[in-house]
Amino acid sequence: MDIAAILRDIHETVSQSPDRGTVADYIPELARIDTGRFGMSVVLADGTQHSVGDAARPFSIQSISKIFALALALGRLGDRLWTRVGREPSGLAFNSILQLEHEAGIPRNPLINAGAIVVTDAVLAGNAPREYLGELLRFIRAAAEDDAIHINESIALSESETGHRNFALAHFLRAHGNLQNAPHMALGAYFHQCAIEMSCEQLARSGRFLMGAQGHPRLVSPGRVRRINALMMTCGHYDGSGDFAYRVGLPGKSGVGGGILVIAPGRASIAVWSPGLNAQGNSKLGTEAVEMLARRTGWSVFG
Amino acid sequence: MDIAAILRDIHETVSQSPDRGTVADYIPELARIDTGRFGMSVVLADGTQHSVGDAARPFSIQSISKIFALALALGRLGDRLWTRVGREPSGLAFNSILQLEHEAGIPRNPLINAGAIVVTDAVLAGNAPREYLGELLRFIRAAAEDDAIHINESIALSESETGHRNFALAHFLRAHGNLQNAPHMALGAYFHQCAIEMSCEQLARSGRFLMGAQGHPRLVSPGRVRRINALMMTCGHYDGSGDFAYRVGLPGKSGVGGGILVIAPGRASIAVWSPGLNAQGNSKLGTEAVEMLARRTGWSVFG
Amino acid sequence: MDIAAILRDIHETVSQSPDRGTVADYIPELARIDTGRFGMSVVLADGTQHSVGDAARPFSIQSISKIFALALALGRLGDRLWTRVGREPSGLAFNSILQLEHEAGIPRNPLINAGAIVVTDAVLAGNAPREYLGELLRFIRAAAEDDAIHINESIALSESETGHRNFALAHFLRAHGNLQNAPHMALGAYFHQCAIEMSCEQLARSGRFLMGAQGHPRLVSPGRVRRINALMMTCGHYDGSGDFAYRVGLPGKSGVGGGILVIAPGRASIAVWSPGLNAQGNSKLGTEAVEMLARRTGWSVFG
Amino acid sequence: MDIAAILRDIHETVSQSPDRGTVADYIPELARIDTGRFGMSVVLADGTQHSVGDAARPFSIQSISKIFALALALGRLGDRLWTRVGREPSGLAFNSILQLEHEAGIPRNPLINAGAIVVTDAVLAGNAPREYLGELLRFIRAAAEDDAIHINESIALSESETGHRNFALAHFLRAHGNLQNAPHMALGAYFHQCAIEMSCEQLARSGRFLMGAQGHPRLVSPGRVRRINALMMTCGHYDGSGDFAYRVGLPGKSGVGGGILVIAPGRASIAVWSPGLNAQGNSKLGTEAVEMLARRTGWSVFG
């Protein structure tokens, strides 16, 4: 299978797409990104890496960071984490507060905003945000074997000034006793975590620990790898998770910056980036690109 | 891998389980089933079949029938089906009507009751229920290569007398213009479809077309197999779908009669039956049994 | 106070209104009514009656019938009725099913459809619908002192063929154990009750028992009069109840046929009819007419 | 009518009540209040005032302050206020966030917390909270003709430290563009407004402007008086508003501190205080006391 050729074909196809989606406008710093950008990178089980387009250009990983925070939290708390957050798809938008009121402050899963804030809060556990962020960066740098990965402070600042829905979620969680830290502390850590920047090349390398293949960084146990992948499959794209599973057939996690991390278990770690989003807030061309990749490679986990 | 030995271990373990769940009581005919029953059967890609316990005893497949009806509907309507039903997990109970009101009569997915009623209605398309049921039985019998599979009329009758929530759903769909047939016609077909009986041995054989392996009945295209499996993964266990994916890592569809059909793509078609249910209405010991099977065999699709 | 002159002014004003609202189209028989119609009639405490426009022309009272059924039910069951239905505004549309699912089949109040179906069911109590309807007609005829009041069978039939949302509500209530009679029996009675026809003159007379003034038919106790009026104030116009109280300041009950019965306690019983509806399903010009009447007469209960 | 005797009877009856309700515990300063307290005061249209029990003892008026803020806001903005907040009962708890998400940040009415925060924000309009609070105190002092009415700073501080649900509401409103001031500014004003203290005697006098009788302070127009009373009738007791209208038949506004202001249009302004609350968060004995008063006096507006 000639992955390089497949990536070139995908790049050419998406380049001609007339509808590139819409950039998220609620984070001012992200609203300025050029929707013409497109990058993709694939690390195979054998360790080779193939990339096309703007694959070396850093972008804001945003919600993809929830995967690394979740891995940290499971390492720290184990199954105790599940007393504070569920494992079910919510059927609602990424920033919905509806379900929280119905279910007494227990977010449905760790990949919607409310759940991810609880995960960050659980790892934070009274420490200063900078300690948490240092630990998270060390984890990601070890995963990618790249110490250049960093946080974009101006993005973090931009979010903390406009993130009123996230503040609403945090205060609501606190009102229900499901936030240990003060809302501005938990959110300070959360906004900085979301402001981590990586290129597709870095992101694909950082996802290798979820591939479950030999010869790659092993940061969590095989059982935990399976479970994180399962959560990405059922909850990784908010209320577009079912559609992503239907069309792509691989676990993935999207970010509002236009990136998606996708895992082909045993075979590949895949990163794609295109800033224009679809109606569910997931990268439009990024989703189409991994759909093409899954079809051409036969990597769908569903047969 | 000695599947027979693994099945024996599983059987022994579940036999000692003190908590066997609770039989569904809203269908009187099902409420009488002995929770002591347990059967399991596995058809491997090589065609061999291994079974334990009450694997030859027929039970009511109930919602597992939604998979066969969906396969028929996709064959008949193709992607037009998706104008009438979505592909997202609902985050709600199997018989919830909440989401229907918020989303103007379009059920979230074809595996919750409202969505399955739409699927049946779409295939029914003005024909008599008996024609539809004949076609569905032919499909299932061909899948299982077993003409003895039949409908239990007294179960169907029991449901039509007590199925007020399903009548509510059907009338609600009709009020929104998303039901072509009269509610009692669509539900007549639906209740009979749910009243199909199979043993674990029959059910495991009938699921082979979703395995995607050579030498088995091929009733739908490979692309459609992948998509049906994807829907089973994200939506097959109602508001317990995320948990099933997390614990088992395989696509599956449960029925309130205590059966579960589980697919290990490329490897096996698995049927399990134990009538006691958990809080989400899925077989309690059945779920535990396939969780053990997935762990022992390493068949999780997630690595 | 010259009520006749006030009514003439109101008639003239509404005659010039460019926007007359929209006729309900979900009951075919009602969809044909001419939106140009307008009638109004007022019975004062002294027994005099003043009318304008099409006040002698019968129309379908629809949900206004819920007031008479409620009076019957309270007479029959007393406070036991409140174990099956609440007394709070729902904040939702007249035919919403949302609240029922959240609150286990107990409708919020007796003036939304679900609650009114429970009220009818409670009075029906296993008897044939014709007995119930006979009793209800006797009550209304006694209230109006007019034996000509009757049920329009073709309207009742029209509703029973298209009333899928009401069937959904009835089956849902039954599924929760809050419907004693079979859904088609309870709804048969309910659809006929809604199909009672009265003119504004008849309707205003039939409402005198809620005025609480001497010399008029006294069909229920003064305490019950106050309570029925209170329910009309808080719940009589569905999710437009707050707006009606704000603008008019009098208890009232609207029907989808364009009629409204309004009570000025101690002073008057008022009926108005104009078939065009506003967004909440209440008569547009009818509401404007009683708003003018309340302003000109100073009859608001709020000072 | 001997109001003094009626008040003595009421006092005696409630003194013997075995169930006095439960003090709100989410505001620590309020949780310490003795549930044995009970006070009541009535100002009649003729200007005489009658009181019993702890009627001279100040308590925290909490949400009763929403009425005065609403009067200010209507004076300042007129009907423009209704572009930012509705006039319908919500059918939900006082601090629910559900409806806000469904209806894009427009609170249902100005008497639930979200709506009251919008009202305060609208009057605040960029000014310092202390200016707004000065104006509000001047309004209330003029209404009561008593300059001793003040804000309890320690209660205000207690709320601002624990009011996470209100912070969630404010951030949510801001995210929807329905909050002009920074959340902590709007809430600073709101928490101080809620921390105003009055005795029953002061509160009854401060409500005289809503009586609509001659010889009392006239702070708003008669039309506005009627409308404020209408909102109190339909929305003044959250999801207990329908029950209050049914039992008492008078417009009223409760506060979580156990106070209720009740208006008998044209007849009386009534204040009652008992700190123990019922399930809807309204004073339990206070509600019973005004129910008795309305029955004994025949003051219900409903006949």
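Read from first to last, the chains carry the letters A, B, C and D; within each, the first residue is number 1.
Basically, a residue touches a chain if its C-beta (ideal position, glycine included) is under 8 Å from a C-beta of that chain, and two chains touch if they have at least 3 such contacts.
Computed from a predicted model, the values in this text were never measured in an experiment.
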Chain centre separation in whole Å, for chain D relative to chain C (CA means): 32
Length of the line joining the C-alpha centres of chain B and chain C, rounded to whole Å: 47
Averaged-CA centre spacing for the pair chain D and chain B, given as whole angstrom: 55
Residues of chain C touching at least two other chains: none
Category of the chain touch graph - line, ring, star, complete, other: ring
Pairs of chains, among all present, that meet the touch criterion: A-B, A-D, B-C, C-D
Footprint of chain D on chain C - complex, ascending: 86-92, 99, 108-109, 210-212, 222, 225-227, 229-231, 233-235, 239-243, 245-246, 249, 251, 263, 265-266, 300-303
Touching residues (chain side chain B, partner chain C) in the complex: 96-98, 101-102, 164-165, 167-169, 171-172, 174-175, 183
